[in-house]
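Paired with chain B in one complex and with chain C in the other, chain A is shared by the two complexes that follow.
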Partner chain A sequence: MFIENILTNTVMMSTPLMIGALAEVLVERTGVMNIAIEGTFLMGAWAGFVGAYITGSLTVGLLSAVLAGVLTGALYGYITVYLKQHQIVTGTAINILAPGLALYLYRVFFGIPLLPLQVELLPTIPIPFLSDLPVVGRAFFNQNILTYAAFALIAAGFWVLFKTRTGLVIRSAGANPEAVDAAGINVERVRFGTVIFACAMDGLAGAFYSIGFLGLFTENIIGGRGWIAFAICFLGNWNPIGVLVGSLVFGLADALSVVIRTSGVTMVPNEFVIAIPYILTIVATIARRRFNVPAYLGIPYVKEGR
Partner chain B sequence: MENGASAAESRNVVELSGITKYFTGVIANDRVSLEVRKGEVLALLGENGAGKSTLMKILYGMYQPDEGEIRVDGRKVAIRSPQDAMDLGIGMIHQHFTLVPVHTVVENVLLGAGKGPKARMSVDEASKEIAETGEAYGLEVDPDALIEQLPVGMQQRVEILKALFRGARILIMDEPTAVLTPQNTKRLFDFIKDFTKEGNSVVFITHKLQEVFEIADRIVVLRNGKVAGELPRDDASEKVLARMMVGREMEEIGGRSAGVRSPRKKVLEVSGLKVRGSRGHWAVDGLDLDIAAGEILGIAGVSGNGQEELAEAICGLREVAEGNIMLEGESIPGRDAAEIIEAGVGYIPSDRHREGLVLDMSVEENLILKRFASPVFSNKGVLKEKEIRGYSKRVIEDYSIKTYSPTERVRDLSGGNQQKVVIAREMDIARSLLVAVQPTRGLDLGAADYVHRVLLHARSEGKAILLVSTELSEILSLSDRIGVIYRGKILRFFDEPATADIEEIGLVMMGVTGNGS
Partner chain C sequence: MDRKWRFFLALFPVWSVFLGLALSGAMLLFLDLNPLDVYGRMVAFAFRDMYNFADIFAKAAPLILTGLAFGFAFRAFLFNIGAQGQFYIGCLATVSCALYLDALPGFILLPLCFAASALAGGAWGALIGYAKARFNANEFLISLMSTYVAVAIMNYLIRGPLIESKGEYPQTDVIAPHAIIPKLIPHTRLHWGFLLALLVAALAYFVLWKTTLGFQIRAVGMNRESARYAGIREKRVFVIVFLISGAFAGLAGFMEVNGVQHMLVQGFNPAIGAEGIGIAILGNAHPVGIVFAAILFGALKVGGNMVVQTSPVPSSIIGIMEGFVMLSVILSFYLRRRIVTALEKKKLRRD
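Showing the complex of A and B:
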């Protein structure tokens, strides 16, 4: 029972991390370091909640979250890919902008409610038979739509990245954009398109927290999990399989801290459990010798020509 | 059936007429016209900066011509991008490869297909075709190998295969042998012969004369952006080509006084020097030279023969692998750049923007860039603003640097004035030796003339000067002695520049030693 609980929580908490980290893998493979991920998560969480609350439809909520991601991505992509401004500085600006904007817009819509407004959660969708399996049944086959989507996206991401021509172009854009250019393919278009797509995914990941997990919106709802997704991309070595593993590890830590908090165990300070993933990140970064960092990560592509 | 018909039935596949290209006021190609015929190897010969690469980048769609027109198969075409060029069957092998190092051969070939018809081919189909093409032309390479694990010669093959996969029938090769070993060069030439035998064409850009005789059917020589001559290989001789490349007219630099070359007070002695280049090869490969006080030693040579590495080794910016450098009797290797500056060696680097200046800092800051720690300009780590300002004003006056204030950003100065800032600083440092690499590169005539006069003045003050330039005219008019560098060695010294035979120097620059002394 305890194991089942932990496992179920782990899979649930790793859902948005999988989606966000996979998005980051795609975009960083083209050479753009999307550091606006935390802010984009938040915009997704906000839009998902507002869309669902106003219309009463969770589907509209999900679509609004995607739209918010696309808009944030368009802003970030336009500034970094076309105007070639600094990616970190631009991303940081968006991350600072997002909480203020989200809170402001929340109040524009709803004023300052006494109790936080709530929406119902995305329903869990049990898969017939499989969800009855012992131990793993509930964890893997009785989750909401976003969890299933996350696993599907990981598989699709792997396939696209390594088995298709689109993936080849994406990987080449970050490893040597000049080669892409020489092939007559527009590097800026590849990068901008991928930023938009990745940010749409980030929006969905953010919506998980508002309409898939808590059923409400606060401006600190993401609480640094965008950064964790960002770190998982790095730890997962820019590979969807690595993202899967990394997300589950961080999901486990998240789940453990929830369980420990609610079970009244005082042996291990809760803060320590929360800190585990971060300690892990640092250890893994030091221990790992070779990362396949995309060679042109973070560097705007400026066409040669005197 | 195609064999032997090349001379009789020569159809032009490409015609360039009146191509002119300016780069911010500098003319790179000046009404160049030439044609490429079906089934031939056309050698495009010329010194660095003669406009060969620019012309071919225009044909490949990387640059747009300011004037002139291009015809392919007799039809007038506008080539706006490499994509357009490839669609017309024109492929280019750049000096610097456009491969993704962490990807496999087949992935690179597929990427190179761009939006062409073959871009959708599967990895297996593409691998098969690569293997077949490789076998047909002797360009075998493992389709699944990672580029970064292949030697340079193999990487070049991949570039060629990329172009062939895309359907190139006119291949432009920009100095393809520069990175190859002699054996690989031979294989490349075999490929070129096979390829053109089938009715394809190759434009071969080079500055090496021997290669021209080995591979070309026809030769076009460019000089200063213009066509200096065109002739079939059989009518060409090394002398004729060298004269066409270098040109006879040499500008006279006036006001040259006799040197104060003190008989044999040697300032710099370099012996058996070996230095590695950035690709790990021996850029300087057993080089000897010496310079006396009050003497300008000019190093002539085609760029990329070890000049920059030599200069950097002397200035402590590149590690000396073997051999020795003696400055006024003291050994330099092992000392760092700061100590060498302290010892009185000034350095005018070839790329002033990258190495000589901090463009976003002020004129005065750039003037003291290498000496801010000296007690003249700072006291316990605090800059002495008054002294610096006074010094700067004096220098600006002395060298007539055109700036409205010592605090103006160097970026906002003209190229000539930027170079004056570098020269003023280095002249003050160079108590015994000045190393000047391409000191007039990119400068207009007036500014270049000023630089020349400053160098001659330094010589009359008894400084030793190492002048590296790819402009032979500059070397000839300034130097007391000339050393010709080729592949990291001084092949020959000419002691009397005034009476030296230009054609002979040109030949040595190409690595032809012949029956020289």
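Showing the complex of A and C:
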């Protein structure tokens, strides 16, 4: 029972990390670091909640989260890819803007409610027969739609990235943009398109927290989870399989911290249990020596002679 | 480039600040508020009396320091986005000094608090630089994550050993009167720390442009390869830059705790690190620019807070203003570059 609970929570908590980190892998493979990931998560959480609350439809919530991601991505992509401004600086600006904007617009829509507004959670969808399996059944086959989507996206991401021409173009845009250009493909368009797609995924990942997990929206609903996804992309070596493993490890850390906090074990202070994922990231970043960094990561592509 | 253009371009950051404020003003329309009216009241509040006016500079003092924390490292093309954590560590160091060593007289205690906050913040920062130098770890990630660890340490200490004697709220006791930085202007919150922050900014300028170390830092920032060929030990530079940068952020803790708050409250000032990044960008990572940018952000905070307290304008508008100002400053960098290139091309064609 205990193991089953932990496993179920692990898979649940790793869902948004999988989606977000995979998005980061795709976009970083083209040579753009999406520093705005934390802000995009938050906009997705906000839009998912607002869409679902106003229309009463979770589908609309998910679609609004994607839309919010696309808009944030368009802003970030336009400034970094086309105007070639610094990615860390632009991303930080968006990350400062996002919480202000989300809270402000929440106020515009709902005023100051006495109690936090709530929506129903995305329902869990049990897969017939498989969900009855012992131990793993509930964890892997009785989750909400985003969890299934996350696993599907990981598989699709791996396939697209390494087995298709699109994937080749994406990888080359970050490894050798001149070659992509010479082949007659517009590097900026590849990068911009991938930023938008990745941010749409980030929006979904953010919506997981508001309409898939808590059922409400608060200012610190993301609380650095976007950064964890960002880190998983690094630690997973820019590979969807690495993302899968990394997300499950961090999901486990998240699940354990919930268990430890609620179990009344006072050996380790709560504060440090909450900090486990962040400490884990630091240790992993230091321990991991060989990275497969995309060669042009963070460097805007400027055509010669412009 | 003729004079008229140069003057116009030099004022670009100012135009972009106005653009950012105009965009945020447009947001106010959603709440049926008149932006001109709100901004008018903001300015009126900020300059209403000596107390508010002085408060701008009291707010600017720690912002100058977190701005320098990012800007200084940026000169070496290193990204210290963990100023928030270094700030909290500095706060913890200075408040511990002030609480436990309050038997010491003020003229010893204050410098001690000053040194403790700088050293603690610097050491916390230097760890990031060391990880970068020794393990080639990504400093962006590590400094980012170190903030969350610092928050955990702070929450733990404030809930445990440092909690107020009443033990009711997660905050420390008020520090002794002689551990408080003396006021620069009586009956306001402006303290001598502001001048100290200016001094630190001058020091940062001096180190960066007048010393060998500064030359090495800037060389590493401009081109790491050539710096290495020139015999500069870049790893040493990484550690030193993060040490200094962290010390700046730690000092911001001294300003806030000993200058304004006089105690440490759990999770206070949660955006001071991010605002420092905005300020450093707005000030073009130059100490003089950073001072002016910090004063602007201070004014936004003072005017913004007063408007928020006295009218239905929500406090989130301050974050929106900061974000839009940053974005329009980034756009202005792009535009300025375009204009300068166009002018130079024209000049070449004419010659």
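Everything that follows uses one rule, which is that the second predicted complex is superposed on the first by the 305 of 306 C-alpha atoms of A that agree within 3 Å, B and C clash if a C-alpha of one lies under 4 Å from a C-alpha of the other, contacts with A are read in each partner's own complex, and residues count from 1 in each chain.
Keep this in mind: a residue touches a chain if its C-beta (ideal position, glycine included) is under 8 Å from a C-beta of that chain, and two chains touch if they have at least 3 such contacts.
Quick caveat: nothing in here was measured; it's all calculated off a predicted structure.
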Room on chain A for both chain B and chain C (clash or fit): fit
Chain A-centred angle between chain C and chain B, computed on Cα centres after superposition, in steps of 10 °: 70
Which superposed partner A:V108 touches (first chain B, second chain C, both, neither): second
Which superposed partner A:G100 touches (first chain B, second chain C, both, neither): second
Partner chain in contact with A:R171 - chain B first, chain C second, else both or neither: first
Which superposed partner A:A183 touches (first chain B, second chain C, both, neither): first
Contacts of A:T92 with chain B and chain C, given as first, second, both or neither: second
More chain A residues in contact - chain B or chain C: C
Partner chain in contact with A:E271 - chain B first, chain C second, else both or neither: second
Which of chain B and chain C A:F49 touches, first, second, both or neither: neither
First, second, both or neither for A:F140, with chain B first and chain C second: neither
Shortest CA-CA distance in Å separating chain B from chain C in the superposed model: 5
Chain A-facing residues of chain C, complex: 27, 30-31, 79, 81, 131, 135-138, 140-142, 144-146, 148-149, 151-153, 155-156, 159-160, 271, 274-275, 277-278, 281, 314, 316-324, 326-327, 330-331, 333-334
Chain A residues touching chain B - in the complex, by the definition given at the top: 165, 168-169, 171-172, 175-176, 178-185, 292, 295, 304-306
Residues of chain B touching chain A in the complex: 23-24, 62-63, 81-83, 86, 94, 98-103, 107-108, 110-116, 119-120
Partner chain C, residues of chain A touching it in the complex: 75, 79, 83-86, 88-90, 92-101, 103-105, 107-108, 224, 227, 230-231, 234, 269, 271-272, 274-275, 278-279, 281-282, 285-287, 289
